[in-house]
Every structure is written in C-alpha cells, then in structure tokens.
Amino acid sequence: MEQRSGLAPGGLSPEDIAAKIKEKFPSGVTVTSVAPHRVFAKADRGALLQLCNFIKDSLNFEHVSCVGGVDWPAENKMQTVYHITSYANCATLEVVVDLPRDKPEVDSITPLWGGANWHERETYDMFGIVFLGHPKLERILNPEGTEVFPFRKDFVTGRRV
Amino acid sequence: MADLYTFIMGIATWLMGLIGGLFDWLTLHGVGDWFRSPGPIAFVTVFLVALVVFIVGFLVSITLIWEERKVLGRLMDRRGTQVGVLGLFQNFADGLKAFIKEIIIPTEVDVWAYNAAPIILIGASALLMGLIPMSDSWTLANINGGLLLVFAIFSVAPLAILVGGWASNNKYTIMGGMRAAAQLISYEVPLLLSLAGVVILVGSFNLGDIVHFQEANTWLIIPQFIGFMVFMVAAIAEVERIPFDLPEAEAELVEGWMTEYGGMRFGLILLSEYIRGFVACSIAVLLFLGGWSGPSFIWPEIWFIVKIFIVFFVWIWVRGALVRVTTKQILSLGWTRLMPLALINLAIAIGLRMFGVI
Amino acid sequence: MAEMWINMGPQHPMTHGLWNLRVKIDGETITEAEPVVGYLHRGWEKLTEHRMYPQIIPMADRLCYGASMSWSHLYCLTAEKLMDIECPERAKYIRTIVLEAQRIGSHLMWLAALGTDLGSYTIFLYPMRERELFLDLMQNLCGARMTYNYPRIGGVRNDVPANFERDFTRVLNHFEKKLKDYEALCDESTIFRMRTEGVGMLTPEDAKNLGVTGPNLRGSGVDYDIRRDDPYDAYPDIDFNVCTRDGCDAFSRYRVRIDEMYESCDIIRQAIKKMPEGPHRLKPPRNAPKGKSAWAHVEDPRGEGLMYIIGNGDDKPYRLKVRSPIFVTVSASPVMLKGYKVADVPSIMGSVDMCLGETDR
Amino acid sequence: MAEPKKSRKSPKPKLIMARPMAVVGRETFRTSRGLNRPVTVLYPWERLVIPDGYRGRPALVMDKCIGCHICEKICPTGCIELIEVELPNKGKVERPQVNLGRCMICGYCAEYCPKNAMIMAPEYELAAYSRQDLIYDPFKLQYEDRPGLAVDIFEIKPSEIGMGSKGKSIKTAPPGMRDVPALEDKKCISCSKCEKVCPAEAVTMIEVGKNEKGRPIKRPKFDEALCVACEQCVDNCPKDALSMKEVK
C-alpha cells in the first residue's frame, strides 16, 4: 500500500481551513488562532450546526475526536468544546461554543457524526447540557435516576448523592 | 494374570468362606452354608468385579486429568499442577473440595431434571467403563454387539446435557444444551461411519474379536488411516473438548450448560467428561491401534493404558494448539469434510474386503 | 426460540472489565446490541480538579492498566502545551522508546485476551510470557511493572539505566522470533481464520463516522495515524510504516496489531540509535495560566487518546477532559455485532481491545 | 520520507493445523527437557531478582528526615501524615506515617524528599491481616539506608536549555535550582512564625529597625543553600506575606 507522509496531496493546510471558514461565516464563527495541524475557533450557539455541516461536506472533516463541556459559574456560562478531525487534511478543528448557564442547550451533532453520540450523552450526564436532536439523551456513566450533574463546579464533592 | 472373573471369584469364595465360617462359629450352620453356596458367591463376584473395573477406570480417568494438566502446562510453557508429588494429588484435592462444598440449587430450576442430568451423565459414563475390555482376561462383559452398545450409551450424554441445560432455567444453559443437540447431529454420523470400515474388515462388533483380528493381521490404522483421523476428530467432538467444546464455550456462554451447577454436581460432570474421554481413547486404541497387543514382557493391560495415554496426549496437543470453532463451522465441518472422508474410508474398507487383501 | 435479551456482563468471561453488553438474539443470531458502561466510573476528571499538576501523572497511569505509560505521557504532553514548555530532545526519544514498548505490551495483552476469548489458553500464555520481558525492561527503567509514573511534565523521571540499549536490543531480537510463533498459532491456524475472517465487519465509512480510531480504524483500511499525521515527541524523525488492512473484519484488526508490533520494534531500534545525549528533565512551572486551554492527542495503543485541559492560574487544573478511544469504539459495537452469531461476540469484541478503566474513567 | 516499506504478508494456513501444532509441540519439547524449565516462577520458593531502583514500599531514614511536610503535600492519595514522635536526641518532632492501604507506590515521596529521607524500599510483600496493620508509623516505616534506594532526580532549569547542561541533582540543592520564598514587605508583621516552622533552619529573622512603639521590626532572611522549598513558611504565614518565587 502506498504510504503517505504528513499532509495528503490535495489536502488543506490549517491556514486554508481557517480562511475558508472565515469566508463562509463572516459572523457567528471566529477563528482565534492557527497552529500546525490545529485550528482554534469559537462559534455561536446558532451557527454551530451550520459550521459542522460546512466542514463535514466541504472540508472533509470526518471524525469527531471529542465533545466536552466546561462549567464557568463565575461568568455564568457553560461551554461545549468540540474537537473535529479531518483525516484527509490531517488537521483538527477546536470549536468552543458558549452557552448560558441557566439554559444550557445546543444543537446535537450526532446526526452528522455518529461518533459524537456517546460524548454528548456523557456531557449531558456530567454537566446537564441538553443536546437538541440527540437520538438518546440519557445517563451513561452515572446510574439511571441520578439527580445531580456531578462535573458542575457547584457540585459538592465528598457527599453521597 | 488369570481371568479377572476367576481371580475375583477366588477372592469372593475366600471372603464368603470367611463370613460363612463366622456364622458357623455362631453355630448358625444353615446361614454359613448359604453364604458358601454358588449363588451368593456369584453375586459378590459380579459386584466386586464391577467395583474393581470402576476403580481402575476411575483411576485411569483422573490420571488422564493429571496428564492433561501437566502436559497442557508444558505446552503453554508453565508447570501445571504442583500439589503433592508431581502434582498427582491435585485431583484428590479438587474432588475433596467439590465434595465438601455447599449444595446450592437455584430457586427457579426444575429440581428433578436438574438433579437427574449429572446422574444420567455419570451413570452412563460409568456404564461405559464396564464395556471396555482391557485384555482377554480383563473383560467385564464380553458382548457380541459391544461396539454398538458403547456408542448407544455414548449418545446418552447429549440428552443429559439438553435436560440439564433446559432444567437450569438460564439463557446460557439453554443455548448450551441446544448447541449440544446441534453438535450431535454433526459428528455422530461420520463417527459411526468411520467405525463401519473397521467392522466390515473384521466382521464383528465384538471388541475382543476386533483386537484378535489386529493381533492376527495388522493394526487397522494402516488400512483405515482416514477412518482413524475421522474418528479422532469426531471423538473429540463427542466428548466435547476444545476445539469442539461448544456446549460449554466459556467465552460467550459463561460455562455453557453447566453454568448453574456447583459443588459435587459440577465435579461429577467434569469427571464424567474425562471418563468419556478415557472410553473414547480406549475405542480408538481397540479399533485402530491394536488394543492390548504388544510385546509380552509386561502385562497387556499396561500396554492398553499406555496406548490410551498416548492417544490422549494427542488430544491435549490439539487442545493446546487450536481455538474453539462455532456451531455453524462444526456443522459444515461434519457434513462437508468428515462425512465424505468417512464414506471414502468405507469404500476403501469394502474394496479391501472384496478383493480379499485382508 | 423466540427473541430474547441476553446480558453479557457485567460479570461475564467475554467482558474484559466491567461492562454489560445486552444482545437481543433470535436463536443464535444477534438482532440488536446495546452496550452499557459506567460500572467503573470513578469521576476521574473531577478528581483531577483537586490535584496538583504533578499529582495527576500517577493518576493518569490508572486510566488504563494495560497502557498506563501512554496515558501519563498524554497528560504530560497536554500539560506541557498548557504551560508552554517543551521537553528536552533526549526525553523525547526516551518517551518514544517507552511508548512503543508500552504499545507492544498492550498489544500483547490484547492478543492474550483474544486467545482466551477464542478458547485457546496457549494464545493467552505465550504473549503474556513475552510481555513479561517488556515489563522487566520497564521495571529496570523506572522501578515499577504496571503503573510506571515515568513521564514528567517537561521530560521523564530519570535517565535510562546502564545497559539499556543492550537489554532492549536483546529483548527485541528475541521478541521478533516469538512474533513468528504467534503468526503460526493464529494466522496459520484454519480455525482461527474461520473464527475471525468475515466477522465484525466495519466499513471504512462507518468506522470514520462512528469515531472508531486506532488499530480498529486502520483495520478498516483508513490510513490515519497520529504518530505520522500530527507527530509528537520524536516521531517526526523516525521512519516507520502505518499498517493498514482492507479486510474490515476481526482478522484485519488482529493483523494490524501484529504488524504494529513489528513496526514498534523497528521504531525502538531507530530511536535507540538516534537518541542524543543531554538533559532529560526540565523543571516545570508550578502554575498554569488562568483561563488558558490546551489539548493534545496521541496514538494510544487502542486509538486516539485526547486530553483537553484548562488552567486556573494556580497549581490545579480547572478542567481536564479525557477522550478515551475505547469509549467511542464501544458505542460502535452494535454496528459490528448486528447479524452475527452469539459465538462471534467474543471474537468481535476481543478484536477491538477493550479497556474499561479508560472507558468509564 | 524514504521509500515506502512493504506491508507484511500474513502467512496462509498450510495443511489445516500443522503449523500451530508444530509450534506448540516444539515448545513442549523445549520446556520438558531437564535444564530448560518453564518460565513460571514457583513464587514462594523462587524469587525474581529485583533491579536497582525498584519501587517497593516507601520507607523512612529517620536520621535524615527533617519533618518538612513535602511528602505529605505531594502524595496524590493523601496517605502520608506527619505525626509527632519522641526521638531520643531530638525531642518531639514530626515524622511521616504512611497508610499503605492507600499508598499507590508512585514514589513521589522519595522523589520530592529534599534530604533523601524517604526512600523506596525493595519490599513487596505488604499484605496484612487488618487495615490497622497497614498504617506504618515512622518507626515501622524505617528501613536500612543502602546506597541505591534513594531516588535522585536530575533536572535543568528552562533557562538552561541548549546550554550543554546535563542536569543537576535537585537533592544536593545547588543554589538556584529550587524555588525560594519571597517576602512581600508590606504584609509582614515580624511575628517570626516562619523562623519557627522552618524545618531546615533556613530562615533567620533579622532586625531591620524599630517601630514607633520601640519594638524591633524583624524581617526573615532566607538561606538559599539550606532552603528545601517546602513552603512551610508560606503556609504558616498568618498574613500571607510570603509566596514562592519560581526559578526560571
């Protein structure tokens, strides 16, 4: 089998990816920085699904590495962090989406990438972030019927729930 | 050694004479005479012979377990069991452990069938031991249809497995039992067909006759090599050892049909497995490897047992080298590979017989 | 027989660890499968929020006992990115060597587990025997056999011991001979092939979409390896092959791992040869910047391991998120299992190399 | 990259199962000959040789320990606790007690100990009949101080990268390798607490003047050669006047 090294022929460099995203989304998505094999971006809640559709269809992003959540009680917000990888471009895009803490809801990207399924379930399980359109948003690591979201910062550790 | 019956009858006569003498001493002469009469002596003789054969078969079986443990250990670059001298006491320790364990019967099982399955299994296996002649003198039952009877009793085991699996009321055990039934139809036909060649060549179902024929002519493994191979494969399937231990495939079915058995029931099941292994090896030796024939500087019984150990060593070797097959594969193996081979073997036997080579 | 649900787990010989595979069977055919995880959940990510940065390294070892080095290394890599330091050249090479040794060890443990799954204890004990050699090497290196606590933020714990090069070369030469034995036991066994070929099909499209990574992805013919495509440590300087197979079945996944073991031997030899002199450990900063985030991913023996970390301005992280490769691969198992027999479950699930410590975290 | 290497071929089965059986048979033959014994070790009777630097249980060299609390702070599981013991020539001092039931043998206590008082003893048979037996008090924790048991760590400072340095031992404490406490002068209230708690006697209070009431104003002075960066003074400062100054 032919071995390829590093970037595949015809692949896009991180700068190209950043430029294309900027071109497609003048508002809603901001590319914060670019590093070798990495693109960092921030997206609005509403623009996430469009961004994902765009990078999946036009930029060959095929793989969701990770979906995680962060709780920022001081700033009264929550974040979901997506790491989406393109095998063809050898690049990973980090998308950070800010959500209001009192109503943490965001569109699910599971319909696009099946690999996000359990990550989103886990984020819901741990942070209570609701992913709209997720096929089965249930507890996964915690037992069924847990009433708390343990990874939130206001969760008091050291007591039985 | 004298004939087993004569030898033991001597013991029985002496024993009954002793008991009779005791009653004589108590001046109960009528009772003493009754003890010395042929009827009770014959009864005690049969009882003692059965006991002796069972004990010898049992000892050979647990020595097979020991052999398996040690050889499998060496195959896998480990030491095998270490209890006692060369690990010989491990089986007794295991037996003791199984014996003193609490008897647990799950609530939802069909108690009668659940208890019956190990009894059928161990009973059928013990009966098999009585049908195996170890030499001309060491014959408990010299029946003309011996071979047929052996295999008739052999086929009882899948029934016990099915019953036990069903009665245990557990999804794994049901699947294990069903697999045993499915396995039965795949290996039983080639197994019997591979024997048919031997029977055609010898012209008798009597195990003693088959051995005598081999002593007179040649070991039947030479003209019946294909039959021997088919028999070995099918016999491994018959006694449910790796690679054909589908009913107890522990990776997917926990412990298969015996998941719900514990304590001595489990011990008996395990023991019966090795007794059946012993019997299957004996059949292979009797039919293909000349039975107890061999240079006469040691007893023929020893030759017989040594041959059994060699055949069993091959089985252990196969077990060490191979992985387990699935139900689908054993069915296709049985019908598309073993069956034609057995038929070819049968044709060879018929040809040899027709042209009078043997 | 009517359709019924079978619980394979949480305590079942097929499960390597604590998880539950619920399969719906029709006769012996699987019509539906549903993995249930979470029995081993320890709240690892929350625990790290109460630990100082160096204290997390031995905890990261406990994510997966089979490949503990790669997890603590991943954590150190991420923390280095967060603190904006780069570890010395020599440390990079040492890390590469131990990571590849760890990869071999992990793959050997997987092969052993696959052997028991398929019913051959010989295939269990032979790889375990050779794994012992690699454990001994690690023991000489850092004093522990399973949870090494060897990488550090900014380098590695200690320099390589005396005779390090000789020992590694001898073990590798011996091991490559033994790999041929495994091939003889597995590849050249008709029954092993019957058990693994054509079961657990995972098409490249499914594999990409479902987020399957690592040897399982390359077993589906997708040519992607983070060691080559987003290199870290000393991998950019090393010439190695990314092993792929087009079979998409359990056998391809098995074969990719065997090939990777050969490649790892090669990588270790090259790295030993190229290893420069110099310092091996950098004094790390005490605190990380507040609000700064960093992430790194590595090619774990099981797939893509990713950590995302946010600093809090003090000596404890604000949030540490772990992406476990097997967590995602398990979620793809219904696709692999559907339509096969119950007897194929061990060979399919055995071929994906389960590790529950990292799945449940 | 150089020319692509060929991917390896998977050997095809020949003669159904001849090769696996041959391999297994060869192993049997090899392990059954008199001198070539199986690889398994008959453990209670035979033991493997333990290499240098083996991480067994943590152990204490009582003479070297200064009671600096570093091991207690760095322990990830919190299994180390400093308790007060009566020593013949030192009086009441604090020495570590390890709960081996919690210890995960990571070796951090030995690695971070500035005086090599905590060492990793090559003992691995640590089972006990009760959890109480697993709590090793400082006396039970003692172990003979052999060369090779102490963990020595060689580090370089970030500023020294590429300067040809191979790293210095942080145990022998060359000045400038360790963080030292720094004083924020405004907050200091001259209480001398730092001098009292310092286990290494690296803090001396120096009189810098007198306040309006005539009381002496004292400020701590840190001896970099003696300081072990244990942060005891930082933790105990009532007014948070001290902080650790990182070496770069």
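Per-chain residue numbering starts at 1, and chain names A, B, C and D are given in the order in which the chains are listed.
Everything below uses one rule, namely that a contact is a pair of C-beta atoms (placed from the backbone, for glycine too) under 8 Å apart; a residue touches a chain by one contact, two chains touch by 3 or more.
Everything numeric in this text was worked out from a predicted model, so none of it was measured.
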{"item": "Of B-D and B-C, whichever chain pair has more C-beta contact pairs", "value": "B-C"}
{"item": "Longest centre-to-centre distance from chain C, chain (CA-based)", "value": "B"}
{"item": "Innermost chain, where centres are averages of C-alpha coordinates", "value": "C"}
{"item": "Centroid distance [mean C-alpha coordinates] between chain B and chain A, Å", "value": "64"}
{"item": "Mean-CA-position distance for chain C and chain B (Å)", "value": "46"}
{"item": "Interchain centroid distance [CA atoms averaged], chain C/chain D, Å", "value": "28"}
{"item": "Contacts with two or more other chains, residues of chain C listed in rising order", "value": "122, 126, 129, 185, 189, 191-192, 241, 244"}
{"item": "Multi-partner residues of chain A (each touching 2 or more other chains)", "value": "1, 3, 5"}
{"item": "Touching two or more other chains - residue numbers and ranges from chain D", "value": "1, 4-5, 7, 17, 20, 23-24, 27, 39"}
{"item": "For the chain B and chain D complex, residues of the former touching the latter", "value": "71, 73-79, 82, 317-318, 320-322"}
{"item": "Residue ranges of chain A touching chain C (in the complex, touch as defined)", "value": "1, 3-6, 37, 62-66, 68-71, 81, 83, 85, 87, 90, 92, 94, 113-119, 122, 126, 139-143, 150-151, 155, 157"}
{"item": "Contact footprint of chain C on chain B as seen in their complex", "value": "72, 75-78, 171-172, 174-175, 178, 242-243, 245-246, 249-254, 320-329"}
{"item": "Touching residues (chain side chain D, partner chain B) in the complex", "value": "17, 20-21, 23-25, 27-28, 31-32, 37-40, 42"}
{"item": "Residues of chain C that touch chain B when the two form their complex", "value": "1, 4, 6, 8, 12-14, 28, 115-126, 129, 185, 189, 191-192, 194-195, 341-346, 350"}
